[in-house]
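The chains carry the letters A, B, C, D and E, assigned in the order they are written, with residues numbered from 1 in each.
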Amino acid sequence: MTPGKKNFLNYSYYPGCSLHASGREYDISTQALFKALNLGLKEVPDWFCCGATPAHNVDELLSLSLCAKNLSLADQVEGDLAVACAACFSRLKTTQHHLKEDDTKRQQVETAIAGPASLGKPVKHILEILARDFGLARLEESVKKPLLGLKVAAYYGCLLTRPPEVPELDDCEDPSIMEDILRALGAEPVKWSHRMECCGANFTLSRPGVVLKLSNAILKSAQEAGADCIMVACPLCHGNLDIRQESINKYGTPEGSLMGNIFGSDYIPGSEDGPRREMPIFYVTQLAALAMGVPTDKLGLESVIVDPRPLLNEKDLL
Amino acid sequence: MKNKLMHLSNETMNVGFVKKVEALSGTSVRRCFQCGKCSAGCPMTAFMEHPPNRVVRLLQLGQGARVLAGRSIWYCASCETCTTRCPNKVNLAAIMDALRKLSWDADGPSKESYVQLANRLFIENIRTYGRQYELRLGAAFNMKSGQFLKDLMLGPKLLSRGKMKLFHQKNKNLPEIEAIFNRIEEMRKKGEAL
Amino acid sequence: MSRIGVFVCHCGENISRTVDVERVAKEAGDIPGVAFSCDYKYMCSDPGQNLLKKAVADNNLDGVLVAACSPRMHEKTFRKAASAAGLNPYLCEMGNIREHCSWVHEDREEATAKASDIVKLMVERVKKGKSLAPITVPVTKKALVIGGGIAGIQAALDIADAGHQVVMVEREPSIGGHMAQLSETFPTLDCSQCIMTPKMVDVANHPNITLYTFAEIEKVEGYIGNFQVTVRKKARSVDESKCTGCGVCMTKCPKKKIPNEFDQGHGMRTAIYVPFPQAVPNTPVIDRQNCTMFQSGKCGVCQKVCGPGAVDFEQQDTLIVEPVGAIVVATGFKLYSIERQPEDSPIQGYGEFGYGTIPDIIDGMTFERLASASGPTGGKILRPSDGKEPKQVVFIQCVGSRAREKGISYCSKVCCMYTAKHTMLYHHKVHDGQAYVFYMDARTPGKGYDEFWRRAVEEEEAVYIRGMVSRMYQRGDKIVVMGSDTLVGVQVEIEADLVVMATAVQAQDGADLLAQKLGISYDKYNFYSEAHAKLKPVECATAGIYLAGACQGPKDIPDTVSQASAAAAKVMTLFAKDQLERDPVVAKVNEKYCVGCLACKKVCPYGAVEEREIRDRQGNLVKVVASVNPGVCGGCGTCQATCPSKSVELDGYTDEQIMAMIEAL
Amino acid sequence: MNAKAEKIRVASIDPSYYQAVTDAIRTEAVKLLSEEAVVAVVGYLPGRRIGTAVPGLVTTPEQAQQLIFSPACVNNLSLYLTKAKKGVLKKGKVAIIAKGCDLRALAGLMGESQVKKEDIYTIGIACAGVFGANSDRKGGLTEASIARKCRECTVHQPEGVDLLVGTLPELPQLTALEAQELARLEALTPEERWAYWKEQFSKCIRCLACRQVCPFCYCEQCLCDKNRPQALESSPRPAGNTAWHIVRAMHLAGRCGGCAECERVCPMDIPLNLLNRRMAMELKELYDYEASMVPQEKGPLTRYQEDDDQSFIK
Amino acid sequence: MHAEKLQHDFEPKIVAFVCTWCTYAGADLAGTSRMQYPANVRVLKFPCTGRIDPVFILRAFQKGADGVLVSGCHPGDCHYMAGNFHARRRFAAFRALLGFVGVDLERLQFSWVSAAEGGKWVEVVTELTEKVRAMGPMKEFKALEDEEQWSGALNTPELREAFESIT
C-alpha cells in the first residue's frame, strides 16, 4: 500500500455473514476488485452479525444495538465503512438514521452496548464507492476488458433504496446507479420492470414457496426484457435467484409442484411459466473485476450454482 | 373470524394494543385514509387474508386480535414498498414488525409464524456463534418446524461449492454479544424499554 | 378638570337584580372629574338616550360613560347619541357591568363593588380620551384585474358593466386561461369554448376595459383606493395597432414544429403564432427563443409578408404605470407534474409512475385537448405514443393531491368530477373502449354533481375501482397498472393502452413573487390567503385587494365565477363612494422622538409602516422616521407595544389611557 | 516591570500580540485617512495614566499614529456612531475599531437602521480579551485581570469585517464565572432570587450610566423619562429601580450584543449583564436566536413562527 | 340553587388584559350564558394582545394586582393576523425575565380564549383566582413601594450616623 499516493482511498470493510458463507464469491470478487482499483480495504476485526431483517422483525432494539456495536467496532479501522451486502447496509444505515433522530432510542441502545453510539462514520455500499467515491469516469478509464455485448438486467431488490430516507443511495423509485456502473463497464443495461421487486429473501428459510413465486416473476421479467444475465449487489438476492433457480425453473410445472409438496412448505400452485433458459446471476463486483482484467479464477465464478462461464465464453469475455 | 360481526364499543376496541403498536413502530395508524396503495404494491398481498390496508383498518378499529389471528403479519417480506409509497407516511413495515413482536411475545410460535421461528433461530445463532452458521440454522429450523426434508437437495450443492461450511468460525466478541442480549433483557425487566 | 357624565343602566332587572345601581351611580358621582351621574331603567331606549343627550347639554359634559351592557352590544348606539348631543363619539365609552358583572356574579355586595370599580376604571379612560375624526381616503375608481382566465374575465366584465374602468393584465399572449383549453364542462357537458369565447370577445370590445396581454405586474405601490401599478408589457415583436390579424405571417413562418403549449405540447405551432384560433387579441406574438430571425439573424419572412408592416423585430418591453383603486387577483392554477423534482424540493414526483417518462401516461388537461374538437387530434381520442385509439383507459384520481408524502395534502376538488366527465367523453368517442377509474373517494358536492358521477358509473359503464395505484410500468405497448380494490381486498392489474392522471391543482408559478409585490399573504402551497375563511372569503387581509378563482385554492368553474362576481361586488362597494371612510383607531408616529429603528415596520401585520425622510429647509436629511399610512393601518397596536420609546401610539388605546386605568385599580 | 516573572506566575497574554494589533491598526488608519477613504477613525488612544486607554476620534494620518490596542481598550466604540457623535457620519465614511462583542452591537445597529453598512469601514480585532472593571492592570492581561464577560467569549474572531487585524494568541481555558453565577441564581427559589435582585437593585442610584453607555439605548426620549404617562418612577427608589432594570432588560432582549458595558460602568457594581445574558439564553433556547456579527433583518422579538413554543399559554 | 358562599380571609385582586375580538367576546358569552365565576377579576380591553406592553403587567403588579391574566385569540385566529404571534414571543421572553428576577410565575397566566369559549374564560379566571388566593397577597412589589416611604425615624445606626454627618 502506498498511502501517500494521490487519490488513494482507504476503506474499512464489513463483509457480513453471507459473504463468508453462501455469498463467498461476492467477498472474493470485492477484494479482487478493490485491489485492482487500488482501493484499500481492511476488514473490521471480529465484526459480528448485524441481525439483518430477522433481528428487526423480532426485536428492533436488539437490531439497533447489534448494529451500533458493529459501528463502534468499525471505528477501530480507518476509512469510510464499505458494506457489500444490501441487508447489512440497510441495517447499519437505518441504525445511524434512527439513533440520530430519536434520542430515547439512542439512550436505550447506549445502555445496551454500554458505550456511546458512534454515528459519525459514513457507511457506504460498494455501488456508492464505485460510482461516487471512485467515480464513473475513472471507472470507465480503468476498464481493461469492456463487457461489450453483455445485456445485463440490474437488480436492486428492496433494501438498497428503501425506505427512501434511509439509504440515501439513489432515487427510491427510479434509481440508476447500477445501470451507470454497467455502462461504465461497457455492458448494456436492459430496461426492465422488476428491478426493484422483492425476491422474498426473508422467507428463504421458512417459506421457500414464497421465494419461488417472487423470484420467478423477477427472472421472467428479466428474460422477457432480453437480458443475458442479472447483476445483483446483495448476497440474499443472489442466493434466491441463483441457488433456487433450478427449482424456480420448475415452478408451476407438475414436477415443481411435486418437489414443493415434498421439500418445501406452503407451495402456492401458479400458472406462470418459469423461465426455461438459465440466467447467470452476477455480483456487481464480479462483473467489474472482470472488466478490470482481474484473472477469471479470482472472481469466484466456480462457486455459483448457475454456471456463468458458458455465457461469458459465448460473449468472448473469459 | 374474517366476516364475524364486529361489535364496536369502548370495551371491544382494544385501543391499548393499538397504542402499543404505535409506540413500537413510531408511526400513527390514524393517518391512514385507506387508499390501498400499500396493498396494490405489496408483493405478498396474494398470500395474506387481510391485505396490508385492512391490517391498518383493523387497527384503526381497535381489532388487534383479528389481525393477530391471521397470517398476514407473518407473510410480510419487509420489503418496505408500502412504507416507501404511502401517501400519508404511515410506516407500515414498522407496524408489521411491531405486530410480529407483540404476537410472538403473547402467543409464541404457531404454524403461521414459521418466519418468526426462523428469525428466532437466526438470532439465537448470533448469540451462540456471533455470525450466521447457515448449516445449523437450516437444520434447526427444519427440526423445529417439522419439515425434515425441506431444501434437502440444496445442501450438497452448497457444500460442494464452498457456500456452506460444516464448522463455524469463532468470534472474539461473543462475551460482548451476550452482554448486549443480557442488558436489553435487563432494561425490559426494569421497564426502561419496550 | 374634566366634566364626565356617568349613566348607570338597570337593563330592566338584568343589572339591578345583582348590582345596586343607585349606589354605583352615587359612588361614580364622587369620582373626581365626574360632573353628573345617574341611573336609569333602560339607557338604550329612546328616553334613555334622550336623558344622555340632555345631560350632556345641561351639564356641559366633555365625556360620557355608560355603564350598561357589553360595548359589543350598544357602543354604536351611545356614541351616536353622544354625537347627536355635540360630543365627539370617541369620548363616549361603555363600562360592561352586565355580561362581565351582574350576569356572572350572584353576591350583590361583590357585584356592586366590582361594578363601581369598572365605572372607576372606565371614567379614567374617558378622561384621557381624545376626540378622533374618521379617516377619509380618496378612491381612484379604476380596478386592476390580474389574470385573464374565467375568473379575471368575469370580475372585469362585472366591474366594467357597473361603469368603472378596468385594466386587465394577462401573462400569456391571449386571455382565456385554462377554461379555453377544456373540451366540455361538467355537469352539463356543454362545450367550453362555446361559452368562453363570447366572454373573451366581450372583454376585448368593452369600452371600459383596457387589456394588456403578454404583460406582467412589475411593481405595486400605494394602498387601498390609491395603488400605483407598473405593468411590464413584454415585447410582442408585433405592433398591435397595425396588425389586422390576417394570419399570413403564421402560414409563411418556416419554423412549424414547435410544441404548442395550448395543446399541452401535443400539437405544433409556428415561431410567430397565436396560441389558438379564437385567441383574444388575435394578434400574433414572436416566440424569440424559437425564431430563426432572433437566434441567427437570418429569416425575417414574416416581416416581408406582413402587409400592414406590423412585424417589428426591434420592439422592446414597455413599462406602463396605471393608478388604480382596487385590485382583483385572479391568477389561477397550474397542474402538478409527476416528473422528477430536485431532491430539496418540497413537492416530489412519482417515481413509481415512471416520473413522466412513459408517453402514454398523460394528465387530465392533455386528455381535454385530445377530446377537444379544436385539439391536436381533432377530437379523436388517440394516444400520444403511436396515435392508436386506446381500448383500455385507466384514470387515476388523487395523483399528487392528498399525498402528504409527495408534499401536497389537500384535495384538489375538481378531479372527481372531471374524471367522471372524461370517462363519459371517452365512452362517447370510443364505443368499444373500457374506462377504469382508480379512486380513493368520490367527492361530488355540488348541484347535479353526484347525479353526474352516478351517470358515469351506471350509464356510461365506467368501472370504478376503490383503491390507489402503486406502480405503473411499460410492458410492450401496454402500461401495466398495479392497483388494488380495497372493497374486495384483492390486487388489481390492468394492461392499459392509455393512463390519464387527475393531477393536483397547484398555485401558479411565481404566485409567491406576485404576492410579495402585492403585499398579500399566501399559504405554504402558495395559494393566496383570504382575510377570513368564512366571512371574508374574497378579501385579502391587505385592504383593497380581492381574490377570485383558483389562485386562492382549487375551484371549479361555477365557484370561480361566483367568487369573481363577489370580488367585483366588493370592488363596486369600494367605488360607490368618492372617499373611503374608516375607523380612526390607527397608529400615529411621534416624529419628534422617533429614531427610525423601524421595529414597528418589522412587526406590522399590514405593511402600513413606511420610512419617511425628514429634511431641513436646505433639503439636508435630518433623520429617517417611521410613518404609518392610516389607510392601511389595521389598528392592532403591535407597533406601539414593540416601540422602545413609545414614539408610535394607537389612537383610542393610548398608553396614557391604559396607564390611567391601571392606576385606578 | 518584570514581565517575565509575571508570566511565570500567572498565565497571561503575550504583549507582542497587542503591539502587532496596534501596528496593524495604525498602518490601516494612516492609509485610510491619507487616501481619504474615510473622514475619521474611531479608535482607542492612550489614556493619561499608564495602562489605560480612552476612546478617540482621529481625523488625520498624524493622529492615527497615536491609535493603540491594549487590554485597556474596554469601550464599545459603536456607541460613538449613534448618540453624541452621530453627526460624524454625516461628514463621510468612518472607520471603526471593533472587537467581536462590539461588532455584534454594530450589526444590531445596522439591523435597526441606525448605521448603514456602506457608511462605515469596520476594522475587526481578533481580540484575546480586555480588563475587567476593577482589576489590577499592571501585569498585562491575566486570568486575574480579565473581564468576566471575556472569560466565556464566543466571538474572539470577528466575522464579516472589512479588515481583520491580529492573530489570536493561544487563549487559556478559563472557568465561566458568569455562567456559574447564572446557574447558581437559577437554582435558587423565586423568593431567594427576588431577595438577591432586590438587594442589587436597591443599590441603584439611577445615574443611568448603563443607559448612557449602551449602544442600543439610542432613543431620543427614553421611556423612563416620559411623564405623560409615567411608566416608571424616575427617582432612585426601590420600586422605580426594579421597574427600570426590568424594562431595560426587556427592551434589550433580542438586541443586546453582550458587550457588558452597562455592567462595567455601573458605579454600584450591579451585575447587569446577568439579566441580558439570561434573556439571550432564553431566546436561544426558545427561538434559536443568537446575536450575530453580521446584520440580521429581524430580531427574535420582531418576527415569529406559527409553531413557536406556547407551552406557557393555557 | 345557590352555592354556599364561602368566606375567605383574602380576596385577591386579579387584572385581566384581554383582546377585544376573542377573549372579551368570550367573557361576554360567559355572561349571556349566565356562568358564574369569582368577582375578583377586572378586565382591561385592548384591540389585540399585540398591543399589550409588558410594562402594563409590571405596572399592574406595582399597583397592587395579586395576579395578572393576559388572554387573546388562539394562534391563527387573530383579527389582525399576526398580533398574537408577536405577543406570544414577547410574553415568553417577559415571563422568563420576571421569573429570573424572582416573581412567582404562578401569578401570571397567559391563555387563548376564543369568542366561543365562555366556559374556558370562566375556567381560566376561576383557576387563577383560586390559585392566587391560596398563594396569598403579592407582597414583593408592594414591599418595594413601602420601602420608598421613609418614616423620618432615625431607627438604624447607619441612618443616625448619616444624619449626624450632615448636621
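Couple of notes before you dig in:
In this section, a contact is a pair of C-beta atoms (placed from the backbone, for glycine too) under 8 Å apart; a residue touches a chain by one contact, two chains touch by 3 or more.
Protein identities per chain, from UniProt: A = Heterodisulfide reductase subunit B; C = Disulfide reductase; D = Fe-S oxidoreductase; E = Heterodisulfide reductase subunit D.
Predicted model only: the values in this text are computed from it and were never measured.
Counting steps between touching chains, the shortest path from chain C (Disulfide reductase) to chain E takes 1. In terms of the stated touch criterion, the partners common to chain B and chain E are C, listed by label.
Highest inter-chain contact count (C-beta pairs) belongs to A-B. In terms of Cα centroid distance from the overall Cα mean, chain C ranks first. When each chain is reduced to the average of its Cα atoms, D sits farthest from chain B. Taking each chain's centre as the average of its CA atoms, chain B and chain D (Fe-S oxidoreductase) sit 61 Å apart. Centre-to-centre separation between chain D (Fe-S oxidoreductase) and chain E, using Cα means, comes to 35 Å. Computed from the mean C-alpha positions, the centre of chain A lies at a distance of 54 Å from the centre of chain C (Disulfide reductase). For chain D (Fe-S oxidoreductase), the set of residues that touch two or more other chains comprises 223, 231, 301-303. Looking at chain E, one finds that residues 54, 59, 82, 86, 90 touch two or more other chains.
Residue positions of chain A touching 2 or more other chains, listed in rising order: 172-173.
Each chain pair that touches appears in this list: A-B, A-C, B-C, C-D, C-E, D-E. For chain A in complex with chain B, the touching residues are 17-18, 20-24, 45-46, 48-49, 51-62, 65-66, 69, 73, 102, 108, 111-114, 158-159, 162-164, 172-173, 197-198, 200-203, 205-208, 210, 214, 243-244, 262-265, 268, 302-305. On the chain D (Fe-S oxidoreductase) side of its complex with chain E, the touching residues are 185-186, 188, 190-198, 202, 223, 231-232, 237-240, 242-243, 246-247, 249-250, 253-254, 275, 278-279, 282-283, 286-287, 300-306, 308-310, 312-314.
Within the complex formed with chain C (Disulfide reductase), the chain B residues making contact are 31, 33-42, 45-46, 50-51, 53-54, 81, 85-89. If you check the complex, the residues on chain C (Disulfide reductase) that touch chain D (Fe-S oxidoreductase) are 592-599, 602-603, 611, 624, 642, 644-647, 655-656, 659-660. Taken in their complex, chain C (Disulfide reductase) has these residues touching chain E: 70-72, 96, 98-101, 103-107, 110-111, 113-114, 117-118, 121, 521, 541, 585, 603, 605-606, 634-638, 640-642, 650, 652-653, 655, 658-659, 661-663, 665.
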